[in-house]
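Paired with chain B in one complex and with chain C in the other, chain A is shared by the two complexes that follow.
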Partner chain A sequence: MNPRVLAQLARQLGSLALTLFLSSVVIFCAVLLTPGDPVSAFAGGTRPTPDMIAAIRAEHHLDDPVWLQYLHWAGGVLTGDLGTSYVYRTDVVDLIAPRVGITVLLVAYAVVLIAVFGVGSGIVAATRGRIADRAVLMATSIGMALPTFVVAILLIWIFARVLGWFPVYGAGEGFLDQLYHLTLPAISLAVLYIAYLSRITRGAVVSQLHSEHVETARVRGIPRARIFRRHVFLNASPQILAVSGATVAGLFAVSAIAEQAFGIGGLGSLLTEAAARKDVPVVQVISLLLVVVFVVLNAIADVAIAIIDPDSVKPGRTA
Partner chain B sequence: MSVAQLAGGRVSTVLRRAATRDPLVVTASIVMLGIAVMAVFGPALAPYDPDALYVGPISGPPTLAHPFGTDDLGRDILSRVLVGAGPSVLGPIVVVTISSVLGAAIAIGAAWFGGAVDAVSSRLIEVLFAIPGLVLAVLAVAMFGKGLLAPAVALSIAYLPLVARLIRALARQELAKPYVAALRVQGVGGGAICFRHLVPALLPALFAQATVGFGYAMLDLAAISFLGLGAQPPASDWGVMIASGQPALLTGAPEQAVIPAAFVVITVLAVNILGARVTAWAEGGDR
Partner chain C sequence: MTAPMHGPVIAPVLELDRLAVRAAIDGETRTLVHDCTIRVAPGEAVGLVGESGSGKTLSARAVAGLLPEGFSTGGAIRIEGEDLAALSPSRLRDLRARRIGMVFQSPRAHLNPLRTIGDFMTEALVSVAGAKPDAAAARAADLLAEVGIPDPARLLRQRPGELSGGLLQRVMIASTLAMDPRILLADEITTALDVTTQEEVMAVIADLRRHRDLAMLFITHDLALAGAVCDRVAVMQHGRVIETLRASTMRSDASEPYTKRLMAAALPEEERGAGANATTGPAAPVLAVEDLRKVFAVRSERGFGTDRFTAVDGVGFELRAGSALGIVGESGSGKSTTARIVCGLETADAGTVAVMGDDWSRPARGAAERRRRARVAQMVFQDPYQSLDRRRTVGQTLAEAIGVHRPGLRRAELRDRVEALLGAVRLDVALAERRPRALSGGQLQRVAIARALAAEPEILVLDEAVSALDVTTQVEILTLLDGIRRETGVALLMISHDLETVRRLCDRVVVMRAGVVVEQGAIAEVLDRPQAEYTRTLLDSIPREGWVPRRRLTARTTPLPTVATAATRTIRQGDLHE
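Then we have the complex of A and B:
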């Protein structure tokens, strides 16, 4: 690999570690800034005796200095001990583990829809003439104003009352049935991002179509399909990838809305429920998880861009 | 389309010319004006008390007396939508105001002082970027309890990086211009350069960013209320109305959820259209 790309990767890895460290500090501070005493939160509705208070403080390291508390928490997270829920008094990891799968499946389903229809419609808009361009522009303008909760209620209305092709509640059993149940939730997640990615793709492809090197390739008589693959799409892909990382990461957060609307017991609905019941330890861990996903996916997108287009990596450029 | 081309002649002529040149923007402006009127005068315009129960039938269809129908508690949906416009618009305004002021202050500070100040603030901005707005808002709810205040403040912080990144780049460009050096040579103080020259030059971009941010903030706040973490029933917030109208979708009374949802979508659509126009204007020149 190009040494400049490697240097860039090393820089990026350092920046990634620093961002993760700082954001974990920000999230950790949430428990310190929360009004009220964590002891009473752990004790629940009961009136704790002095012995119980001492036991709770010792168990959760509440008498340690703040930096040591952070190390306990962060160290725990790294070794799989995610703390204790205020509400359920169980390990957070036991709450999260069974719910991760369904959310990942939902987000993956939405990502496939976004990639196929977002990139596809963007290419159509850029290459199939004025009418197609106008039609896609119109559709994406509307799509960009359709947030997940609106698409969700429209789909529930249409499919529950009128069409009835897809279930509008629950997550289903077994892989195929789950996919079937997750179809409407995935569409509700995807619509806004399909419109967004379509716009980005169209812009990137159009700017390549008008570039000199594509003009030259055309003059040299290279077949259209080959020009598109080798010269247009490949050069447009870094721009598309750059927004994809952030998009996918954002989907994990927005998933909470689709899960709420369609009654799916995933990570997002746990996040919502925990926030409603002021279960700060659970919210902290899920937030941190989402931030890690966000940072790592963005880094992967950056690396992919650097590999496709080493020239984009300028000396001294930071991530 | 420039102001000069439009101006001249009577108001009606000017409006007609504007409508033919840029019908989409004119429509969006009219929609926004309507929403603003609803937000300010909603409670006065509402034909019924929005919280009064059984002013009509339970889950009644649209009729002359209740143009948008009535909800599962017999409340008038039109009145609730009108009264709900205020909080639904005020929330995003708070978010964009706080994020614009703080973001611009940080960005101008970073561009002005450079060096360590710039490096530290840029790093903090990068960290904030990594936490999605919705997540920060939910975290705020877990800490401070349900309601719109905590999520609104959290979203203000979450949107700050977008403003700061844009304004920092523009402020650096502006400060590199010869006239700034000329002012310094003349002995004009730093504060005067900042507030008399730099800030006015940045205002169009800041305003454009705020318009775009308004749409995002409206969607995020409505989502928070939809999740049951923001405004609480029986408040007639649009997000709350969508959530509490959801069960009626299955029983054949879609108005309860679909009408407030339509108001959210139409408002955001109008803001986005205006935002694109304002951004084009701020980036210099017409179109």
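Then we have the complex of A and C:
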């Protein structure tokens, strides 16, 4: 492999570790700073006696200095002990594990939709003449203006109520049934990003279409499809990839809205619920998970870009 | 030279018959090229010379099928007798792919940066001519060797970003040869290259044409270069071919005043130089640079760690009050870095810069100090389109520059000063209301100079200030600068890659190469009796009457056999360059 790509990989791993450390500190402190006493959340509605309070504080190290609390928590996370939910009184691992699958499936479904329709419509807008360009521009303007929950409501009304094609609620059983159930949620999740990626793709492809090296290929009589594949799209892909990394990572956070709207018991709805009920350990772990996903996906995108374009890693020429 | 004219039997390789190029802009159609008629016989080289906007590039692009959307053509374009308008799109693409080779001004932009040279060289062979990848790769290596590239196998694995401009231009040329074209369309192919590299590339082309019986349409703004490498030269102005001259006798045959002006601009004026010397006595130096050194850390080729690159190494010179000093060198010589250190845009690692007795070795700290220095030294950059704010009128730009150095001027005084500055650069006062978009390149550069003069500086640093301009405009700007120097006594420090530019303006010259001063002295001494080998090479590389480009890299000794038979055309070998 190209040494520059390897160097990029090494740098990515270094920054990954640093980002995780810093964000874990921020997440830990942010949750501590929110108003309300975790003890009352843990006591769960009953009025605790002073003895109970002392027992709870001791069990959860709440009387230790903040840095020691952090170390305790971070050490636990590193060794696989994610703590205990204040609300459900079960291990956070047991809460999260069964919900990861459905969220990942939902996001993956949305990613496929975004890749196919976002990149596809962007290419159509860039290459299929003025009318196609206008049409895609209009559609994407609408797509970008619609918030995810509005799309969800519209989809439920049209496809579930009026047409009755898709179920309104739940995640389904078995892979195909799950896909069937997740179709509307995935669409509602994807619309905004399809519009966004479409714009990015159109811009990147247009700038390559008019670039001088594509001109050279045309003079040389290279067939159109080949020019598009090997000179236009290839060269536009680093830009598209860079945006995609951040987009897909963002989907995990936004999936909460779709999960709530369609009653899917995934990570997103767990996060919203936990935040509302001040279930600190659950919020911390899911937040940290989101950061990990975000950083890892962006790192993957960066390495992919480095493989396509090793020179992008090199700093600009001096002198 | 025997007549390389089109006989009754041989059809011209390329024929433009009353070609017109029209553009529909905002609903109105404008004709940009009128009735352009040019014939290029087999093996012949025709130069198409003119300034920017003359329509020379549009004509070539019409042939190659590269006109932008909304452009249309009239008249006829024929390649080996076939009218392009009568062909089906696929047949047209095939004809262009096999008969025409096009080379452009900036090879770096015209090669896909993400693909290897090998990909680029073999792509047309595989996808158009249907060659097997292995055979295509072998042929690519042969072609690279033919254009004098020493290690073709290695080069095939490299990407454009790893190669110099001169090498890339050779790759471009080699790639066009893959299909054995009959004609090369060369659009300003050496404009972006250093003179020595230009000579190399032109020598390569001369060899190829000799061995392959290759015709060429050579588009350039440089009449001297066209005259040196072509058989005939067509001069274009305002979209028309105003005259076509035999290259060998063009200097005496030219009848159009415009052609004569182009020639005057391209030729060294012998009586100048000495005149410039006369005005400068032994004045005190306003700028003294000593033992300057600048090292950049660049990321190493292998990805880890850094390499050190010495851009400027022990450079020293003096600029006397009211005089003009030129720093010449090719790209990578360190001339621009030197200028940037002098202006405080870069910090030297060692050495001193003294301006009028003050130490300027480090960039100014604080706004007050920067302003104080700006009153002494001002800079004019290469591209006036980028160095002026397009949203401000010329008057606003100048008023702002005046305001920096003379705060609190009243409105009327400010306007008087703006008018005085426009007068100083010989621009009409009415232009103060215009924005940059409405001005020509020459006018814009005058505005940039006026803005620099607003500070009433002692030193004007000109970083390639005329390189982006047409030749006739170059002469105007150089004359203007010389006039300003005489009137105001400002000292000029001119950074240029062009020895002729420096000769026209400067009384002393510093020749730099790879960060080191190779030679310096009075302009006449250095340019007419060069001591350094490198200065001689630079001077030899300038196209002039009777100039024959020479290859400095070792080339292969035997030409490649080509599909087109060169044997029948041996008569013309001697005509070209010997």
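Quick note on the criterion: the second predicted complex is superposed on the first by the 297 of 319 C-alpha atoms of A that agree within 3 Å, B and C clash if a C-alpha of one lies under 4 Å from a C-alpha of the other, contacts with A are read in each partner's own complex, and residues count from 1 in each chain.
To be clear about the criterion, a contact is a pair of C-beta atoms (placed from the backbone, for glycine too) under 8 Å apart; a residue touches a chain by one contact, two chains touch by 3 or more.
Nothing here was measured: the structure is a model prediction, and the numbers come from that model.
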Touching partner for A:S141 - first (chain B), second (chain C), both, neither: first
Which superposed partner A:D51 touches (first chain B, second chain C, both, neither): neither
Which of chain B and chain C A:A276 touches, first, second, both or neither: first
Winner by number of chain A residues touched, once chain B and chain C are compared: B
Partner chain(s) touched by A:V295 [first = chain B, second = chain C, both, neither]: first
Touched partner set for A:T19, first chain B, second chain C, both or neither: first
Partner chain(s) touched by A:E173 [first = chain B, second = chain C, both, neither]: neither
Overlapping contact positions on chain A, where the chain C interface meets the chain B interface: none
Touching residues on chain C, where the partner in the complex is chain A: 64-66, 93-94, 96-98, 100, 102, 104, 106, 109-115, 119, 123-124, 127-128, 159, 161, 172, 175-176, 179, 296, 298-299, 302-304, 309, 311, 332, 334, 336-337
Contact set on chain A toward chain B in their complex: 15, 18-20, 22-23, 26-27, 30, 33-35, 141-142, 144-150, 153-154, 156-157, 160-161, 168, 249-250, 253-254, 256-257, 260-261, 271-272, 274-276, 278-280, 283-284, 287, 290-291, 294-295, 298
Chain C-facing residues of chain A, complex: 2-8, 211-213, 215-223, 226, 230-231, 234-235, 308-311, 313-315, 317-319
Contact footprint of chain A on chain B as seen in their complex: 123-124, 126-127, 130-132, 134-136, 138-139, 141-146, 215, 219, 222-223, 226-229, 239, 242-243, 245-246, 249-250, 252, 254, 257-258, 261, 264-266, 268-269, 272-273
